[in-house]
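Should a chain be cited, it is by its letter among A, B, C, D, E and F, assigned in written order, with residues numbered from 1 in that chain.
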């Protein structure tokens, strides 16, 4: 059976930290679906279709990495797309407490859907989408933190 | 003297984790007042009066558990209702840091009002109102996490 | 029914932080038993009988505070002495993670024995028996941190 | 070379905890610039010019403490004003995780701009601008937590 | 290529929390090697060969779970046995900080050896070998926490 | 007045993470004293005089960095050597909780002795003396983690 993992997130924007997790994830899983969850009430800084295109650009030529967007519960989307695992990165203890809750609910409500964690590589662990948005907002150069050109 | 504890929160919604703390709290205190703090600027997912009714339903027949709502400072409300203690649950370290600050201010400003903590039982520790709202929002089944029928 | 809480620890030495928790605990419980758990394999810095005497000195005249030592499982000792609660202080997140495990085991194995937590007052939260031993070891003055004269 | 540190923040409001860090900072640096970062999208509770005035009032007579506001990236502002260091207080582990990320980005993007941390004194560590705003909002007395009269 | 993961530990003793991680790990990996690392200087509570036998008993009949012991660097042992991954459980933030360091060193020194993390199920998250040893030491019943009969 | 900071530790061994803090510290202070605290009861992995020599080797030619050893309370040593500040690195939240306590005691007992913190650079944050000793003990190559040749 093919091992398919979903790497869900808002990716506003997708960072080198996210890329790190995806690339390392491909050593564990046969296929990774990167999917941007969105809901119409939450305003994004980077347009979702633009971001989907940018992420696709990063992994062009890699057949085992798929990029998508969705607007339902992550677990439902995973199930509908044959993903048996969620893949998530952990940067620090704040991430840990948050991801712990999410993972347990996903497992509990959705038939044992398993979340697999990698710890973000040190050189990317301080990068967050929030900080990138802030720097970008003020016209700062964020190119060091994203694996594509804006 | 009767030991009365206030269990304050936004309870949007009240969860089985909250119920766990209240029931264990009744082994320590003579009476527990569950009170939903609200302010008009913060939009709720579940209507406050509906939630008050649902919580009452959970504890119907228990005379030592009172359910209410309030719109003033927690410490003031506690004082006005004869509660000498605040009761709070701790799920994880993020909760701890947050509750620590609140407890110190309540004690410092309001004449030694004491906050008593119980650690949430493991099986409920990953449940948060935030996650329940999210799951509910997308039409997921949250009945496992709440001690009443929506 | 009398509410009796056990405040267990190695108290090597008993600090003003411990005293803070005990005094605040007497506002919640009818009686508090302070008991030094010891095992012969673990070498103490301060002699256990000396420390029992010193703690007794702190609370002399208070009938609702009892000081003792024990050499069995905390939960067994609590049960044998009619204590329905354990009382513990939390200083920081490291304490929280540790106490969380202990509390769950005590509850799980010993018929629901409940641990009640207070957060140590800020001015005492940085005091630990370990640091006091270290300072004392090198001849430093630790009198500010202990509620008795050595 | 004069050692100038920038102490940036939203200071909504400036607290005794902030004052503690600034005063201790003057023992390390020759000059400290306290600067309120703001952006027009984020609504403040306390007016920015009122707060600048109040902070100036706190440190009147101290030539080595300057109070200002800015609306650009913190690192750019620091550079433009000759500040070679950022000064920040740490209250707890949640602060630590957040400040860690910010500090690394500031260092990484802006030519090694160094962030120097002091741990907030225990008696102020539970004070946060958020809690003060909440208490103030409900008409509670916050004068104990701020080093000036509102 | 077969995906083989090493689940290393001192397992003094092996707990239901460890079992939880191994069983969930078999949904991700083709084979799991459970290996007890030991060094002669560190005294164990439970004899290593006894523990190896007990763990084997737990997983008897499962061909994809191998039980072993080793006395070299974990990464060297992994390499020598064809394990491309380390599997580790995370219970809380204290675990996280510790495992983070170990994982980075293993990756950094040993050619990208990847550590994959699962978060321990809530009902087992409070169980630690340390607490079990302590309870067992005093004659308490630990059978609820271990997946075999002592 | 010359700003002298003491960088105390057991440095068993001194790592690139320590070097990182010292070098960044020289941008803040005029002089840094690196001093190995030792007590005869605690067995070291690396001989103290050997380590003093190795650290000296790292900073040879830098007049503003002094290397020493001491066997008294850190604060007393600082005072005796004219150091008005302690310099410490923070790698993670576990460090934070520990350093917080130590810093408060040093400040409280020793006339306001101030501890200044830098957050360890990401690429060194996972390095600990404990892990290096462990790797070294088993014959692993630790040269990547120390700024000198063993």
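What we mean here is this: contacts are C-beta pairs under 8 Å (C-beta built on N, C-alpha and C of every residue); 3 or more make two chains touch, one makes a residue touch a chain.
What you see is a predicted model; the values in this text were computed from it and never measured.
When the partners of subunit C are compared with those of subunit E, the chains appearing in both lists are B, F. Shared contact partners of subunit D and subunit E, listed by label, are A, B, C, F. The rotation relating subunit A to subunit B, fitted on Cα atoms, comes to 120°, given as a multiple of 5.
For subunit C, the chain whose average C-alpha position is most distant is A. The chain with its Cα centre farthest from the Cα centre of subunit F is B. Counting the residue numbers used at the interface between subunit C and subunit F, under half appear in both copies, so the two copies meet with largely different residues. If you average the Cα atoms of subunit A and of subunit E, the two centres end up 29 Å apart. Inter-chain spacing, taken between the CA centroids of subunit A and subunit F, is 38 Å.
One inter-chain figure worth recording: subunit A and subunit C are separated by 46 Å, centre to centre, where each centre is the mean of the chain's CA atoms.
Counting partners per residue, subunit B has 92-94, 97, 100, 103-104, 122, 126 as the residues that reach two or more other chains.
Here, these are the chain pairs in contact: A-B, A-D, A-E, A-F, B-C, B-D, B-E, C-D, C-E, C-F, D-F, E-F.
Across the complex, subunit A meets subunit B through its residues 39, 72-73, 75-76, 93-94, 97-98, 100-105, 108-109. On the subunit A side of its complex with subunit F, the touching residues are 92-93, 122-123, 125-126. Note for the complex: subunit C touches subunit F at residues 92-94, 126-128, 131, 135, 137-141, 144.
Against subunit A, the residues of subunit E that register as touching in their complex are 3, 24, 27-28, 84-85, 90, 92-93, 96-97, 99-100, 103-104, 114-119, 121-122.
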